[in-house]
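Order of writing sets the labels: A, B and C. Residues in every chain begin at 1.
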Amino acid sequence: MEILKTYKLYIGGQFPRTESGRSYAVVSPSGQHLANACQGSKKDVRNAVQAARKAQGSWAGKSAFNRSQIIYRIAEMLEARKGQFLEELQALGSDLKSATQEVESSIDRCVYYAGWADKFQTLLGSVNPVASSHFNFSVPEAMGVVGVVACQQTALLGFISQVLPALIGGNTVVVIANQKSPLCAITLAEVLATSDVPGGVVNILTGEVSEMLPTLSAHMDVNALSIAPIEAKLQQKAQEEAIDNLKRVRIFAEPLYAESAQGLPYISDFQEIKTTWHPVEQIAGGAGGY
Amino acid sequence: MLGNLSTPELSSLLALSPSIDQIGTNERITRIQARSIKGAAKMQGLRMALSMIDLTTLEGKDTPAKVRQLCFKAQHLHDQAADLPTVAAVCVYPTMVGVAKKALGNSGIKVASVSTAFPSGQAPFEVKKLDTLYALDNGADEIDMVVSRGRFLSGDYQFVYDEIAAIKELCSTARLKVIFETGELDSLDQVRKISDLAIAAGADFIKTSTGKIQPAATFPVVLTMLGAIKDHFDKTGQMIGMKPAGGISSSKLALQHLLMVKEVLGEAWLSNEWYRFGASSLANDLLMQYQKQLTGKYQSAAYFSID
Amino acid sequence: MMSQTNWNLEPSLESAAQIQLQAQYELFIDGKWQAPLSNTYFDNVNPADESHLAKIAWGNAADVDLAVCAARTAYDNVWSKLSGAERGKYLFRIARLMQEKAKELAILETLDGGKPIRESRDIDIPLACNHFFYYAGWADKLQEAFAGQQIAALGVAGQITPWNFPLLMLAWKVAPALACGNTVVLKPAETTSLTALKFAEICQEAGLPAGVVNIVTGYGDTGAALVAHPDVDKIAFTGSTAVGKQIQKACIGTAKKLTLELGGKSANIILEDAPIDQAVEGVINSIFFNQGHVCCAGSRLFVQESIAERVIEKLKFRLQSIYVGHPLDKNTDIGAINSKKQLETIERYIAIGLAEGAEMYQPDCALPSQGFYCKPTLFTDVAQSARIAQEEVFGPVLTIQTFRTMEEVVQKANNSPYGLAAGVWTDKGARIFGLSQQLKAGVIWANTYNKFDPASPFGGYKESGFGREGGRHGLSAYLKFSN
């Protein structure tokens, strides 16, 4: 007799069961019971946001080069666990070819964003030639804690496509995984837990989007939302809840698994621009400017 | 405790000199310069400025005759206009102090003498001492000494301090103005530091420049020195005088300087006991502006005597 | 020796004689002056003496609809067909005309809003002109600004500006909108419409195609109609956080792109090694600039305990040479509070501060008997939990708190729902960068405060809004990006 795995939540680098004590069955398209997953609750959202907030300062404080290496390490770990992801994707209904493609694209996307981690600042920032005797420059800075509703169409690639651009910019995330197919997300959590990503940087919740999203979007300590295509009513409700603390809300009209769904704009969506002024002393006899 | 600081004491005093941000200093000045000085306020300002002038001649070619002419001008700025103030002092080399003293008689106008190997200050201390004593013996009311800038820039603050303190002791009742020659200093931080040093050593006045080096009395330098005077006053209650010299040749600049004094130090400094302009051509520009205010007509230099 | 004691400047009033105000102003729609369909006008008052300036049209939803239609038509038929270079030339022309009328604009701004003529003349108007010059040059370089991205104009931009910097905020919004190829319907604040209406004349004089810029004056309901209009593609708003949130709500479920510049309660931090006299001057600039009607005003001053007494002493002395008076007086530092309503708000907060037990200091200066005026006000002994230290007063009221360590001051500075700006004063470069990384604010002024430039992006974190105005970053707000 096969032992069924119970997938737990991933919060603050730990794998707790949901506070609610509930779980739900993850089934294959053919109706086969694959595993049990935690049905996350309000309190799990609260705990995840708390963990994300706690981790944010030191994550943003790491050097960009270091974040890049950590993301690249994820790619290496994914590669090593490729077989497990392929199995899960196939169990969830993909054929081998599309499952292989999804895993390989996911790995590629990790490598892609690992490379961006110490470069987007150069492109998003600027030195601004102000008319007064001041040095003036703008740099991108993490927004803070980003709440993510992951792609509900794909189990792995969409997740990675949404989480990584926020992550490399120094944000920490609380992700509501694909409701029907959360297995890859939790397996990915196991990858993260054994890689160099500090606990709390990525937090993953499974369960019903409609139950957890209102708490996440109303949470006053969440700075931004990244919402993959979901039911319009849910999405609007989230936008309304987000107003209270003026969360930055990015709604994706299309799922993010397309090849083109990567790039600088996905990073800049979760960056603030900070501009700093400082006087430039005029040295006698000299002339200069920026 | 003036004039008696040991090296460690002096070091800790100078460590307290605040840093000066040049761009912020310029902005403060722009605010002052944006003010509009008109009507009666302008007339009052022009008269005040006239009364604060140290009418100066400091040239190798100075002669007793030239100095006597200058002293006459000091007492008769523009006799065509009634009720004008006289200047505050006449400023000359030590050799001319006797001439000036006699020419000014009991007019109330002071005689200021530069000293300590003006303008460079590059002479042995014994020479500087004799230089000063000579001026004092000939009746100088005020001594305008120069500091040893080379020593200051090389970090020998104790030397500069001791020199000022020693000259101050010689001065007895004569008032001591200490010239920094700010055009030879590197930054406003240095200007502030030397201001604090000179005040601690016993300066009665601090003065920007000799007039021989450009730039001279710029607004940022003067504002920085006023800041030192203000901080000293707030700490001790003792007033120190200020004398910008060189570069202030127009009425507009002079009035802006006075406004800066009013805003930074307060009206108590608006008298020639505490504020002087070291200048030669400023007087006539003030007089021309004054006449313009009185008559409404723009004036010609031909109508104002040039001594 | 001659002794002088009192030397006081005389009032030096800028003459408003050259300003020809109309008795009544209409709406500027489709390049023409049009009487409002609402048939309603409101009174515009000079806050300096409460005198009546003009009657101004109060646009309603039907008027807004006309304006949006005109903007849409102009966008479809004219503006979207012009090259960037041609659009840029119009902007250059507008900038030059504004420069030529700078004096008139400055006087109008001061008459209408109460700000000192020194500020409108030396800061507001030149910056507004420069903003047009700056964005004129971007109009034909947009693709270079966003290399590798597909960009397009949005269409019709609805823009709502505040009363504190009327023409400057118009420039911040209109210049990048037009440069990026959008047409505009602008709703100025009800107390300060005059320079926007003058700007409409300038657009006419510049030969700007009809309908590219439309000005619909009115109150909040006019703005709400603009926000609600289905054919508007973009809303840009500068104003209060409360209204900003209403606008954000109204935009949900629409395709409107939104940028918000909202309130603030910015921290200005003086460390013990700061250039102290310039820091004190920076404080004056940070809170008394434009009567404190500045969203990024440094209204919370934090001073390190070791120098707090000295800084406060210096501030109090400095206040003695702050002139509060008629805005047209060239020597005025603090002019009139923009409206009676705003004066009441400020006075209410001062009462709250007193009730909370903070110690208040105001200099002994006379205020004009007519008009809306407020003395510069310092509150010392203020706790972080006091309302005057948390809520935006939008007036010349400064709270002063002390701190011991940098960790403490960073926590306190960030302990606010807002995140617009912050000031840092220290002589140590490494510390400036360290602190500026920690402070959650969109603009950091290190050893300076309240500096603005068209090339410099401006905008907030958290509840101070989102989006940036100024610089290359300011273009994003008016472009559609598609991959």
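A few remarks follow.
Here, a residue touches a chain if its C-beta (ideal position, glycine included) is under 8 Å from a C-beta of that chain, and two chains touch if they have at least 3 such contacts.
Owing to the predicted nature of the structure, the values given are computational and were not obtained by experimental measurement.
A centroid comparison over C-alpha atoms places A as the chain most distant from subunit B.
Chain pairs B-C and A-B differ in how many C-beta pairs are in contact, and the one with more is B-C. Remark: subunit A and subunit C have CA centroids separated by 36 Å (rounded to whole angstrom).
Averaged C-alpha coordinates give centres for subunit B and subunit C that are 44 Å from one another. Centre-to-centre separation between subunit A and subunit B, using Cα means, comes to 68 Å. Counting partner chains per residue, subunit B has residues 21, 23-24 touching two or more of them.
Contacts with at least two other chains are made by residues 447-448 of subunit C. Shared interface positions of subunit A, defined as residues touching 2 or more other chains, are 132, 134, 279.
Of all residues in subunit C, those touching subunit A in their complex are 130, 148-149, 241, 244-245, 248-249, 252-253, 260, 262, 417, 432, 436-437, 441-448, 451, 453, 455-459, 461-463, 465-466, 468, 471-473, 481, 483.
Against subunit C, the residues of subunit B that register as touching in their complex are 18-21, 23-25, 27-28, 34-41, 44-45, 48, 51, 85, 88, 108, 227, 234, 258-259, 262-263, 266-268, 270-273.
Residue ranges on subunit A touching subunit B, taken from their complex, read 132-134, 279-282, 284. Those residues of subunit B that touch subunit A in the shared complex are 21-24, 26, 187, 215. Of all residues in subunit C, those touching subunit B in their complex are 1-10, 12, 118, 122, 273-279, 281-282, 285, 313, 320-321, 330-331, 427, 447-448.
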